[in-house]
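Two complexes, one shared chain (subunit A), two partners (subunit B, subunit C).
For the complex of A and B:
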């Protein structure tokens, strides 16, 4: 197993070819699944031909972007505040630990009541899903800053602001990156799942429509698109995270 | 026990009746960590401190630095009282690796001057000098993760040197290094001490290191840390690591060990 990445690729390629084969010879019927090659064709076709494609894709993309932002920035700030208040942290800790065992989606109907069937509900759904990952990552990140850095700051006689910006923030970066990656992933899940349940626009909604219409090719084309999009975002963030970790911990 | 016949004019840093008590916390009662300690260190002196583990050596150093406020007593640096802030003119090198992994060696060293209000040409000159002095020239653009532990500690020393401290406090800076590297780093420290004319206080758990480098060595008791004795080494100013082969060195370390042996045993049994 010298090249795990190559093996991984080989396994995925093998699985795709197997599904292609099973679809082609009719063991998997066309209503259940179309061959992977047709998924690609369907995706290309809808991206050039379907009038809904770009507006819906943009809507999803924008909602994910806003939800991610609303997870990361307030999540970071809330993390800072909770870290400064150890008693509050002790109270909230069990909530953070069990947060992801609660199906947050049960609150989606409530969000719809509050915000209506629109982007706001989806964004809040995504942000609710992502923010706790960022808060937790921020707490860990600050915990892991070596205490000696604080002493160095005092010896150099930095102001609290300079200490925060010049020492604490960069020192927390590797763990914050982990939080950012999780926040993005959770925001993607939150927004698309929300669209899937009920929405006026977005790829998740199109997916439900295609599913209800037995439009299997469109459905799988969209699944492929979401899959590729999520994979690309994750790979880019993982690379970035890996690079920072490598620079820091190479020894 | 403050050393014999030090006149006021030559005193650089001093402690009077300094005590440090950590208040009771969940899990343990009140901890009397240090003192009372009286100490006068002469300007330009190399002062070593040895003591059993947990005896409050680091607390002593942090009190001198102004990082820790004494519970009772006062510290004075250059005639001014040390009050909870680190006074200008003091540099500290810590036991832990305090180099910043997100900055190159050069930027790490420069960081020492972030608040000093020095113009950029002067910063460049001082950084060049400190980097050169610590033998880091080939690694200027390297990140700490690419360096050995000894090299990283040099980065921290260089970061302290750029501020041109008049008092350099070192808290077991070579604790994590192997014996050979320690000896060489010790020699470099002596060279720095001579070149800069700064007063140096070195906390160490190595008797050899203390005996080889210091003008005077203070021996601390187990907690609460007090001075049991302060020994004069009588080494010439231009000494180097070869003093270890001097018969006086053997006598010195054996005296230090005699003084420390019971205290170390006490510290071990209370740990």
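For the complex of A and C:
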């Protein structure tokens, strides 16, 4: 296959056109879904005209950013500690695995009691949801560092710090990248779910408002925005991940 | 193995101690202490309404799981066995997997209305992608020499699938089923929270709306215990299959 990316584009474009067609001839009625072209128009219109758009978009974006950071850095450090304690790791394993079958955002009301209805609650929510993915990825990343690297470090007499920074950290990067990608995804879910439930600002709140007002066009415009944003972040991180992977595992 | 169980016991005790400490710090407005939560769960379980909701959740989860697991496996194996399809479609699947599907709850409500099908759809669309992606990985990671051996022995297509493809791919497929199970469970609960009028997720969101902390805690504990027990069980099966292959 010469141009997989072109084929992918064709498939996605075909799917969008199909939906457009089904909407236009009325098989999908307007209350259920507006045609994709109108979603784009609605999105452009609100980004230009609606006074709430940029403040709300910025609020969501910033909260997701901070939540991601707060899941990645502490998640990495906790991962390091747990990796050093194999017995703790063995018992925590099923807890980590079942963590993502429970909607952690049920604790959101409890966070509101502690922090109030504000960005802090949303950020902690997103970080709580993202951190376990990073901890798990860190554990895997350290596991996958080839043993021979440690031997090389000893042979060339690197200090423990040098070994950690120059050998272990770079060697763990490919799997850490996977963790970062997952942490972003889960932070997005945590923040947006929180905005659905109670918030004073944010795209999730706007989405719920639009749904309650039967404002289908605005609703789909916002869904499109979140969809595109999440897809772009994910594709960029995936590319980066692939490149790092290739560099490390070329041999 | 025996040490493992002792460690689990220590973990549970430590978790309860931490939980109790958190309650001292945050107060009853934010959470209830462990003993009271367990007691509250017991009280909830005595009510007839609870079992109606639990049954509704069970039915939705069962349908969602069947859809996600069967659909994901069929698509995953089909794509995994076809290199061209893999190259084109797998990136699309993994992007769809990572998109926060929670934002689609209004769409699901508009399409399916407030009923069983909405909850099933929400659960299934969470579980489907991980199952498919793990199945693709499982098929792609089969050592080519195994398939070549099959060709040398002139196995029929069916025999190749049955005696080479499936056994070789099984460990990773089971891992995918476990991840898919977790995701379907989460998806079903979220579907019930945002797009339903029955089920344990609905009980949960109602408790959240009226700020009924004991009920939130009790139901969350229940969900966590169910998910963890199921994961420990599937993990044991997985370890067995993995060691069998080695």
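Throughout what follows, the second predicted complex is superposed on the first by the 242 of 251 C-alpha atoms of A that agree within 3 Å, B and C clash if a C-alpha of one lies under 4 Å from a C-alpha of the other, contacts with A are read in each partner's own complex, and residues count from 1 in each chain.
By our rule, a contact is a pair of C-beta atoms (placed from the backbone, for glycine too) under 8 Å apart; a residue touches a chain by one contact, two chains touch by 3 or more.
All of these numbers come straight from a predicted model, not from anything done at the bench.
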Subunit C versus subunit B on the shared subunit A, clash or fit after superposition
fit
Could you say whether A:151 touches subunit B, subunit C, both of them, or neither, answering first, second, both or neither?
first
With both complexes superposed on chain A, which partner does A:109 reach: first (subunit B), second (subunit C), both or neither?
second
Subunit A: partner with more touched residues, subunit B or subunit C
C
In the overlay of the two complexes, what angle sits at the CA centre of subunit A between those of subunit B and subunit C, given in steps of 10 degrees?
90
After superposition on the shared chain, which partner residues are touched by A:247: those of subunit B (first), subunit C (second), both, or neither?
first
Which partner does A:167 contact after superposing on A: first (subunit B), second (subunit C), both, neither?
first
Classify the contacts of A:4 with the two partner chains as first (subunit B alone), second (subunit C alone), both, or neither.
second
State whether A:13 touches subunit B only (first), subunit C only (second), both chains, or neither.
neither
Looking at the overlay, what does A:98 touch: subunit B (first), subunit C (second), both, or neither?
second
Looking at the superposed set of three chains, what is the minimum CA distance between subunit B and subunit C in Å?
11
Can you tell me which positions in subunit A touch subunit B when the two form their complex?
146-149, 151-152, 154-159, 162, 166-167, 170-171, 173, 247-251
Going by the contact rule at the top, pick out the subunit A residues touching subunit C in the complex.
1, 4, 7-8, 11-12, 31-33, 87, 90-95, 97-98, 100-103, 106-110, 113-114, 181-182, 185, 188-189, 192-193, 196-197, 204, 207-208, 210-211, 216, 219, 223, 226-227, 230-231, 234-235, 238
Touching residues of subunit B toward subunit A in the complex: what are they?
62, 65, 67, 85-86, 88, 90-92, 94, 96-98, 100-102, 111-112, 114-115, 143-148, 160, 163
Which residues of subunit C touch subunit A in their complex?
3-4, 7-8, 10-11, 26, 29-31, 83-84, 87-89, 91-92, 94-95, 98-100, 102-107, 109-111, 178, 181-183, 185-186, 189-190, 193-194, 201, 204-205, 208, 211, 213, 216, 219-220, 223-224, 227-228, 230-232, 235
